[in-house]
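Shared chain: subunit A. Partners: subunit B in the first complex, subunit C in the second.
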Partner chain A sequence: MKKILSVIIILFLTGALFGQTAEEIIKRMESNQIKDTAYSEGKIIVKDRFGEKITSFNSWTKGEELSLIEFTSRAERGQKILRTEDVIYVFFPDAEEVMPIGGAALRDSVVGSDLSYEDMTGDKGLLDSYDVALLGSEAIDGHDCFHITMKAKSPTVPYPKQDVWVDKKIYAWRLVRKYSLSDRLIKEIKINTIENIEGSYIPMDMTIQDKLKKNSSTRFIIEKIQFNIKIDESFFSLEELY
Partner chain B sequence: MVFRRCLFIFFLLVPGCFLFGDSWNTITLDLSNTFTRDAKDNYYLLPGGKASMSFEMDSDRNIKGGIELSLDAGLSFPLVLDRLFIKARFDDLRLTMGKTRLPWGRGFFFNAGDIIWDSTSLVTDLAAQEFRTDASFLFSPYFSLGRFTFLEAVVLTPDIDPVDMAAAQLAGMPPELPLSHELRAGLHGQTKFFGADIEAAYLFEGAHVIDEADHKAMVSLFLSPYMDLYASVSSRLPQSLGDSESYGEVFYDNLQFSFGTFYSHSFESGASLSGRLETLLFPSKEFKALSIDERAAGDTYALYLYPEISFAPEPIMQFFLRAILSPVDLSTIIMLGGNFETYQNLVFYIASSLMLGEEEDLFCFENNGGFSIKTGISYVY
Partner chain C sequence: MNTYVVAWRNIGRNKRRTALSAVAITVAAFGMVLLFSIIAGLSFEMQDNFVRYITGDILIEHEEFEKYQDINPLHFYVPDQEELIKKMEALEGVAHAFPRINFGGQLYSQASIGEFKRVSIFGFDPVAESDTMNMTSHLVPETNSQMPAANSREVIISEGLAKREGLKVGDKINLATMTVRRAAFQITMKISGIAYFDFSQMNEGIVFIPFDLAQYIVDYSGFDGAMSVNVVKKTNVERGDLEKQINDVLKTESAYQGITARAFENVSTIYSFLKMAEYIYYFMGLLFFLLASTVIINTTMMVIFERTREIGTLSALGMKGKEIVRLFFTEALIIAIIGSLVGVVIGTAMAIWLEPTGFDFKEAMQGVDFQISGMMKPKWNPVIAIFVLAAGIVVSSFAAYFPAKRASRIKPIEAMRKDY
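So, the complex of A and B:
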C-alpha cells in the first residue's frame, strides 16, 4: 500500500513538473518580462571587421505594442523609433521628418546592427503570432531549460520559425534561434546576464549573431531599467518624435 | 585652402563643445573633390568642403535648441547659418522659433506639398543624403489634437539676402529691408484616416507689392499597405487677377502633383534592396519638346520622374543608382554611387553622374556638369 502511495506521489509530482504546456511556459515567461510600463537605458555594440561601433539609447514601453526608442549616441542623436499597434515610425532629426515603415522594412537593420526594427521594438505577444510546442529539456550554460519550438501563424510574421530555451527556475529565456522559411538558421540570441529587477528576471546583456554573416555580432546591453512608471498612452504619439 | 578653412572652423567650434554642461554637440566634416566637365568641354577638379556644428540642450525633454553653421567652399560668404532654433513644449502645445524647416507634404525628391520651400526643383546635388534642406526664420505653434492628429500654424519672416545686404553695405548705402507685408503665414493639419496619413495646408505668401501676394494650398496623402504610397497636390492663386485671367485658369496653370512609391526588401543574408519611384506632374505644361530658348523663357515640361535603386550588401556599405528623367524629351541625368562606413562615423563616398540627351534637350552631355565624378569623406565628431 505504502509502495503504491509512493509511486502515486512520485507520478503526481513528476506530472506537476512536466504538466506545464508550452503555452503556459511562454505566458509565464512573458508575464515575467512584459510589464505595464518600463523605461530603460542601454547600448548596442556592433562588432565587424573594422572594430566596434557603439550606439546608446533610451527606451519607453507600455504593454506589448507601444514603444518609443530615442538614440542618444553622437551620430544618431535625436533619431527616434515609435512603435504603435500597426505601424513603426522613424524620425530623422536632420530632415525633421517622420517616416512610417512597415511590411518587409521591419526586418531592416537598426543603426547597422544585427537587430531589426522588429527585434528592437518588440513584437506582439508570442502566442498571438506563433503556434508553440514543448520539445523537452536542455541545459544552456549549465541552466536547465525548457526547449520550445514556435511556428508562425501567418506569413506576415518576420521569422517563420523560432526555437526558444526558457530557464525552468526563473522563467527567463536563455537562448533564441530564429529560422527562415527554408529552416535555415538566420539569427541566434544568447543571454549573457540576467538580473532580478523589482522581482522580475530580466535579460540585461545579450549577444545577437547573424548566422549568415562572418565576423559580425551585436551586443545589446541594458544599463538601467525601471518598471511600472507613469507613462500615458498619449506619450506614444507623433508629437513625441519631434 | 578649403581644407584649411574647414580645419579653422573645426578648431573654432570644438572648444564650444565643452562649454555646455547639459548639452550635446555634434560636428560634421564633409570634404570632397569633384571632377567635372563644362559646356565648353573644359574639365575641372574642384575641392569642396562643409563643416557644420549642431548642439541641443539635454537638461529638459520639453526644451530643444539647435544651431548649425556651415562653411561651403566656393562661396563669397563662407559661413552660413543653416539652423538656429528653440522648441519648447507645454502639454499639447509646442512652440518653435528660429531658423528651421517644417516638413509639409510627402516626397523624397519631388514634393508638391512643400508649399513653403517648393521641393520640385531639378537643380540639386544628386549625391546628397538629403535633397531638400532649405530653412527660414519662422514662428510656429503646434497643437497636438491626438496621437496622430495635429494642427500647426506658421509665420515666416521675409527672407533677407545676405549677398544684397553685404553689397549695399559695401556701396555705403542703407540696406533695403523687406516690408512686414512680405511675410508668409499659413496653417497645416494632419490626421489619420483608415490607416492613411492625410495632410492639408494653406500658405499666404506676401510680396513687396501687396497685390502681388499669393495664396497657396496643398493636400497630401500617405499610406503603407505593403509598400509606401504617397501623393501631394498643390496650387496657387494670386491676390489680384489680371484682366484676361480667371481664377479657374490660374488655378489650373499652377496645379502640380507629385506621386511616389517606395519598397524595401531584406534578404536572409542581411542584405537589403530598396526601390523608389517619384513623379512630378504639371498638367498645364508642355508634353512636347521645348527648345533651350523656350525653357529659358519660363516654359517647363509637364512630367518628370525620379527613380532610385539602392542596394546594401551589409549595413556598412551601400550602392545606389539615381536619375532624373525627362520623359517628354527623353533626356536624363543618371548617378551611380556608393558609400562605405569603416570606423564609427567615418564614411567614404563616391558618385558619378552623366547626362544623356540631344543637344537641345533638358539634360545633355554638352551641358555644364554633363559629366562629373565626386569623391569624398565625412566624419561626425
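So, the complex of A and C:
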C-alpha cells in the first residue's frame, strides 16, 4: 500500500513539474520580480565606437505601471523619466515643458544606450500583451531553462515577438531575445548575475545588445535594491518632477 | 598698296553683310562680358559669405572634425577658445577672431506630441562678430526684434524658421539636442528676434544663440570649448601666408595638439568647384566666339565667291597669294575689332548698371545649399573687358584666315572664265 502511495505521489509530482504551461511559468517569473514597491540604485555602462560612458541612476517603482528614474550622473544634469499608466514622460530641469513619449518613440534609446524607454521602465504584464507558448528546455550558461516564445496580441506592443529563457530552478529569466515583425532579431538581453534579495531572485547585472547597431553594447547593473518601501502614488506625478 | 585702306573700303562695299558679321561678334562679346561679370560676382559673394558667416578667412578646428562632420562630432572641439583668440589677435595679419559652436537639434512642443522639427543651432558671439556677421543689421525691423539680453536664454531665429513654424518674437521654443558627454538635453528659450539673410543656407531652420548659452547647452563650459575659431585677416594679407603662420603657432602649443587652421578655399568644396568652373567658362567663352565667327567665315566665303573675278584680276596684275590673304584677313580683323569693341562697351555698361541690383533668382535657389544668395549681381573688372576684347578679335579674325587662304589659291585663268 505504502509502495503504491509513493508511486502515486511521485507520478503526481512528476506530472506537476512537466505539466506547467507557459502562462504558469511567466506568472511565476513575474511574481518573483514584480513587487508592490521597489527602490534601486545602479548604473548603465554604454560601450560603442566612441568609447565608454557610465550613467548612474536611482529608480522607484510601484506595481506594474508606475516608475520614476532619476539620473544622478553629472552628464545627465538631473534628467528624469516618469512612467504612468500609458505614457512615459522625460523631464529636464532646463526645459519648461515635460516631453511625453509614446508609440514608436518608446523604442528610442535611453541615454544613448541599447536600452529603450520601454525596456527601461519595464516589460510589465507580459500575459496582457503576449500570447505565450512553451517550446521546450535549453541550457543557458549551464542553467537549465524553459524556452518560451511570446507573440504580441496587438500591433501597439513595441516588440511583436520575444523569446524568453526562464531558469527552471529559480524562475528568473536568463536570456531574452526581441524580434521585429519580420522575425529579425532586434535586441538580446543576457543576465550575468542573479541574486536572492529578500527571498526573490532578481537579475542584478545584465548585458543588452541592440542588434541593429554595430559595436555597441550596454551593461545594466543594479547596485542596491529594496522592496516594499513606503511610496505614495502621488510621488509618480508630473508635479513631483520639479 | 595700303592693305588697310583697301580693306576698309571693301568692307564698306556691302554694308549689310558687314553689319551682320559685326553684330554677331558684338552679341557674343556682350554676352561674354556679362557672363564673366556675373561669375565674378558669384565668386565674390561666395567668398564674402564664407568669411562673414561660415569660416572666416581662416577656420581653426580639430583635425578630425571634417571627417565626421556629418554626425556633428561635439567631442572634436577646440579647447580654451578665449586664450586661443588672444593669441590669434596678437598676430600681425589678424584683424579679429571669434568662436563658434554649431550643432543640430530638434524643436518640440507638448502641443504637438511626437512632432520634432529639425533645426540647426548657431552659437555665436554677437559682440566679437559685430564687424563681420553684424547680426543687428539682419534683424527684421517690423517684428520688434532685439538682440538677446546678456546672461539670458533669449535667442534669435531665422525668418524662414519663423514663417515655417508660425513663431514670433516673445514666443518660447523647446530645444532637444545631445551634449558632448553624449547625454540628451532639453532647454526652453525665448525668441528675442527674427533675422533675415540673403542666402537660403542662413535663412532656413536656424536658431542663433549667444555663445555662452551654446557652451552651456553642449556642456563645453568646463573647458571653455568651441567647435571652431574663425579668424578674419587684415586687408593686405595673403590668406595662405596667414594659414601657415597660424598653424606654426598651433604646433608649438601643447594645449592645441590636433587643432589645425585652413584657409576657407581649402574648406569649401563648392568654392573650389566654382574657381575651377571659371576656367571652364573661359573656355566656353572662346567657343561662343568661334560660333559667332561662323558668321564671319560665311560672309568671307560669300565675298570671295562674289569677288572671284576681282581676285583673279588682282592676281593677274601681280598681287601675290599672301597679299590676298592679308587683304581678306584685314577686312575680317577690322570687323572683329569694331564688333568686339562695341560688344565689350555695351556689356561693361550693362554689368556696371546691374551691379547694385542684379538678377533675382531667389525662388529658384530655395533650398539650394550653395553659400550664395538668390541675387546674382555682376562684378565687372577691367581684366574681363580686356580678355573678351582680345578673345573676340583673335578668334573672329583668325576664323576668316582659312577662306582667305583658299582665295589666294584661285588661278587667274580659272577666275576669269567663271560667270558670276
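Please note the rule applied: the second predicted complex is superposed on the first by the 225 of 242 C-alpha atoms of A that agree within 3 Å, B and C clash if a C-alpha of one lies under 4 Å from a C-alpha of the other, contacts with A are read in each partner's own complex, and residues count from 1 in each chain.
Basically, contacts are C-beta pairs under 8 Å (C-beta built on N, C-alpha and C of every residue); 3 or more make two chains touch, one makes a residue touch a chain.
Treat the numbers as computed from the prediction; the structure is a model and nothing was measured.
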item: Clash-or-fit label for the pair subunit B, subunit C on subunit A; value: clash
item: Touching partner for A:50 - first (subunit B), second (subunit C), both, neither; value: both
item: Partner chain(s) touched by A:112 [first = subunit B, second = subunit C, both, neither]; value: both
item: Partner chain(s) touched by A:97 [first = subunit B, second = subunit C, both, neither]; value: both
item: Which superposed partner A:79 touches (first subunit B, second subunit C, both, neither); value: second
item: Touched partner set for A:180, first subunit B, second subunit C, both or neither; value: first
item: Touched partner set for A:146, first subunit B, second subunit C, both or neither; value: neither
item: Subunit A: partner with more touched residues, subunit B or subunit C; value: B
item: Partner chain(s) touched by A:236 [first = subunit B, second = subunit C, both, neither]; value: first
item: Set intersection of subunit A contacts, subunit C complex versus subunit B complex; value: 46, 50, 53, 74-75, 77, 94-98, 100, 102-103, 105, 112
item: Subunit C partner contacts - residues on subunit A that touch it in the complex; value: 46, 50, 53, 55, 74-77, 79, 90, 92, 94-100, 102-103, 105, 111-112
item: Residues of subunit A touching subunit B in the complex; value: 46, 48, 50-54, 72, 74-75, 77-78, 84, 86-87, 94-98, 100-105, 107-109, 112-114, 116, 180, 184, 186, 210, 212-213, 216, 233-234, 236-239, 242
item: Subunit A contact footprint on subunit B (complex, rising order); value: 24, 26, 56, 87, 89, 92, 94, 100-103, 129-130, 132-133, 142, 144, 146-148, 150, 190, 195, 197, 222, 224, 226-228, 263-266, 268-270, 272, 314-316, 341-345, 380-381
item: Of subunit C, residues touching subunit A in the complex; value: 75, 108-110, 113-114, 172, 174, 176, 178-179, 181-188, 219
